[in-house]
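One structure follows; several queries about it will come next.
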Amino acid sequence: MSGALRPVLLLCALPAAFFVAFFLAPMAVVLIASLTTPAGQPTFAHYVRILADAYHWDVLWVTFRIGALTTLVCVLIGYPLAWYLVRIVQWRPWRRFCVILLVVPLFTSNIVRSFGWMVLLGRNGLVNDGLIGLGLIERPMRFLGTELGILIGLVYILLPFIVLAVGNALAKVDPALEHASADLGATPAGTFRTIIFPLSLSGLMAGAVMVFMLAVSAYVTPALLSGGRITVFSMLIFQQYSSVFDFNYGGALSITMLVLTLALVAIAGRIGEPRRA
Amino acid sequence: MVSVLVRIVSFAALAYLALPLVVLVGASLTTTSFLAFPPQGVTLAWYGKMLGDPSYVSAFLISTLLAVAATIVAVLLAVPAAIAIARYRFTGRGLLSETLMSPLILPHVVLGAALLQCGSAIGLVRSFPALLVGHVVIIMPFVMRAVLPQLSDEQRSLEEASADLGARPLTTFFLVTLPQIRSGLVSGAIFAFIASWINVELSIFNTTAELTTIPVKLFNYVQYTIDPTIAAVSGLTIIVAAVVIVVLDLTIGLDVLSEHRR
Amino acid sequence: MSPILAIDGLSKHFGGQPALTAIELAVEQGEFIALLGPSGCGKTTLLRCIAGFLTPEAGTIRLAGEDVTRLPPYRRPLNTVFQNYALFPHMSVAENVAYGPRRQGVAKDEAAKRAAEALELVGLAGFGDRLPAQLSGGQQQRVALARAIVNRPQLLLLDEPLSALDLKLRKKVQSELKQIQHRLGIAFLFVTHDQEEAMTLADRIVLMNRGRIEQIGRGQDIYARPATRFAADFIGDANLLAVERRDDAGFSLLDGAIILPAADAPQGELTGVLRPEDILLTAEPVAERISLQGVVSEIVNVGSHASVALTVGGSTLTARLAPSALAGLGVGQSVFANIRLADLRLVPGDA
């Protein structure tokens, strides 16, 4: 042990120091700030202010509702798409193209992608034109500034995560297990229900947790697509740091969001945890 | 029947994925002075206008410089840490690896706020170094995640063979370890570069009117006006992303969803 | 009694390459059949066609008289023990074994009961709550077997089920497998590339090569009377001697050292097959045998027997003898190899 300590120290000293200085220390500063007055006295006042204010509860509710809906829609669209890409597509160039199509948005800034939806969802945007053209609606619908608009934008941004996570899990399912299942008398639907779906569940949960985390903490997409009409939690944090300059209260908001998301993710992880040895 | 339904959902989802990108690139070519899709006529005038605007050019330069610098620093920090985590058993090893990976799940707004608050105490705010340290923190996990799986046990026996044949540790690293983890390092570095290049949530706390990255500049601009120049800037970033991905696909392969059969 | 499995004119191609050609095979109830051959000979392809994972281009497969050639796997009244067991990693041992009955619509309690019985049969009573990953390789193999027999199939397919086990364990499982097959009385079709395993287990061996069946028969019959050069070479050790046809319709072997009279021999290229134990080594020629003088070039003593390689003219002959018979034999020594013409078989195939 002591003999191996020297190389470990040599290798880890710099990265560890960097993370202490620019990651752990800042987070600690936020935590401390959230528990002190501007004068440095310890206090719970900031948290009490958050918990006592109905407005904060509304914002939290909106944020988590949008996050949950985003996750749900991503799962409902992402699972079939992953299945399609892994199991149905036979022609490799097409799958290659699809994977590129899936990754290009990931490599493009949230702002660009959300801007695309601002254009599309506008009053005279392509979506309204299309819906009117199809005779589904008579006059333009309002998307921008509604939860539906934010949902469309967030699902768009987060869909690739779930498709890649589920697709990876599906590709890893050993075909011999499916053969064994068929051999034992299970129909294709039975094999899906009892073998493939349970084995892809860990990938699905990992993807869903990722999507939920990113959806509730998203700032750019809701900020652009809300048109100032809807407030989500990350906007509150940003306001405190960029215009109100109340770092103590902002810190309490940051810690609240962090704790709530991590707690929900931990619960989700517990539910989705596969049985292990 | 189920398979038909899956196909319908999939085609719709693929169209949904392509739509905004196509619309932005398309709208950037319009000859009108407002955003129009389908574009009316085809012109590169908006791209010309963008390149003629020094503030856009400087934002592009800053974004690129920042992403390159952050990627280099992240690689230099992440590779030694990954080697220590993969090759040695030591107290705090689990804690170290979890800490280094945790920026992946931490809300960037929270981290950006924390860095601003902490940085203001030591004067590290609204400057290139302030942007750089934040970007390094959030992109290091991408490098770690790509490199760690490649430091496998089979690979360790190669390193032992090298040591057995008389190579000193650094020689072994450059002649044996590095060539083996090259593909992971390249893909990790590309993902890291992109994560830095597209970041808004973290950068936005530390940018100023002069020192701004392309995504932050776009973000601030889009909230006030929308014109085809924005579409041209967006179009350019989409094209950069597409080129990077095609290069990535051709070099290390992105066919991550192939079935492992046969 | 009609055969439980009847295969007629079966052919299968992979991308234009023939994988199986004109396979004919009948398996009787309760038989233990080994599909034996080198890798790539088509034995696994044949098994997968029978199980329903591959559809042949031509021919029929009948199970208990019913044509199942185009039936999906889940409609075929047979089960398979897979090569790497293919145990469902997310289910307990009991759930794995109860999987088959459950898919047949058997109620949960009844399925659990049948699973417990099957596990008891393979000697794993009390292991039901474990996960496959918590078991040793030998135990996993038994779970795979229990899972495959719980539905009482009329035919059990086994795809190299013992290949992942070490030698000692393999011997033990072989005898258990034989006992279980005997007790259940269902036909086993067993794929292996190990001729000793096939000889040990099977009532009959189906010897395959390049997508064709070379020979079907009891192990000892194939050994004693190989139908082809491949059969002679694959089952046991053999001296394979080039055969030349003489003008008088007789045959010449070992550059004329052995002359066989004209006989009914197959057309085309022939090979002379001589088993090593049929060669008697002596210091002097022996009467009523053909005696060939040779020089000892190598002696290998493996304890239970010894192999002696001789240079006879330009060829090498290998003789097998008891280690006790090695006394006084040394490399470079001149000896006589005595053979009986009755032990020499001419089979089709190029030596």
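Which chain is which? They are A, B and C, in the order written, and residues in each are numbered from 1.
FYI, a contact is a pair of C-beta atoms (placed from the backbone, for glycine too) under 8 Å apart; a residue touches a chain by one contact, two chains touch by 3 or more.
These figures come from a predicted structure and were not determined experimentally.
Colleague: What are the two chains with the top count of C-beta contact pairs?
Modeller: Greatest count of contact pairs is found between chains A-B.
Colleague: Which chain's C-alpha centroid is most distant from that of chain A?
Modeller: In terms of C-alpha centroids, the chain at the greatest distance from chain A is C.
Colleague: Please compute the C-alpha centroid of chain A, do the same for chain C, then give the distance between them in whole Å.
Modeller: Each chain's C-alpha centroid was found; their separation is 56 Å.
Colleague: What's the distance between the Cα centroids of chain A and chain B, rounded to whole Å?
Modeller: So the centroids are 17 Å from each other.
Colleague: Could you list which residues of chain A touch at least two other chains?
Modeller: If we look for residues of chain A contacting two or more partner chains, we find 174.
Colleague: If you look only at chain A, which of its residues touch chain B in the complex?
Modeller: Spelled out, the residues of chain A in touch with chain B are 1, 4-5, 7-8, 10-12, 14-16, 18-19, 21-27, 29-30, 33, 77-78, 80-88, 92, 95-96, 98-113, 115-120, 126, 156, 159-160, 164, 167-168, 170-172, 174-175, 189, 210, 213, 216-217, 219-220, 223-224, 234, 237-238, 240-242, 247, 250-251, 254, 257-258, 261-262, 265.
Colleague: Which positions of chain A touch chain C when the two form their complex?
Modeller: Residue positions touching the partner: 174, 176-177, 179-187, 190, 194-195, 198-199, 274-277.
Colleague: Which stretch or stretches of chain C touch chain A in the complex?
Modeller: It comes out as residues 51-53, 72-74, 78-80, 82-84, 86-90, 99-100, 103-104, 131, 133-134, 147-148, 151.
Colleague: Touching residues of chain B toward chain A in the complex: what are they?
Modeller: 2-3, 5-7, 9-10, 12-14, 16-21, 23-24, 27, 35, 37, 77-78, 80-81, 83-84, 88-90, 96, 99-100, 102-103, 105-119, 121, 133-134, 136-137, 140, 169, 194, 197-201, 204-205, 214-215, 218-219, 222-223, 226, 230-231, 234, 237-238, 241-242, 244-246, 249, 254-261
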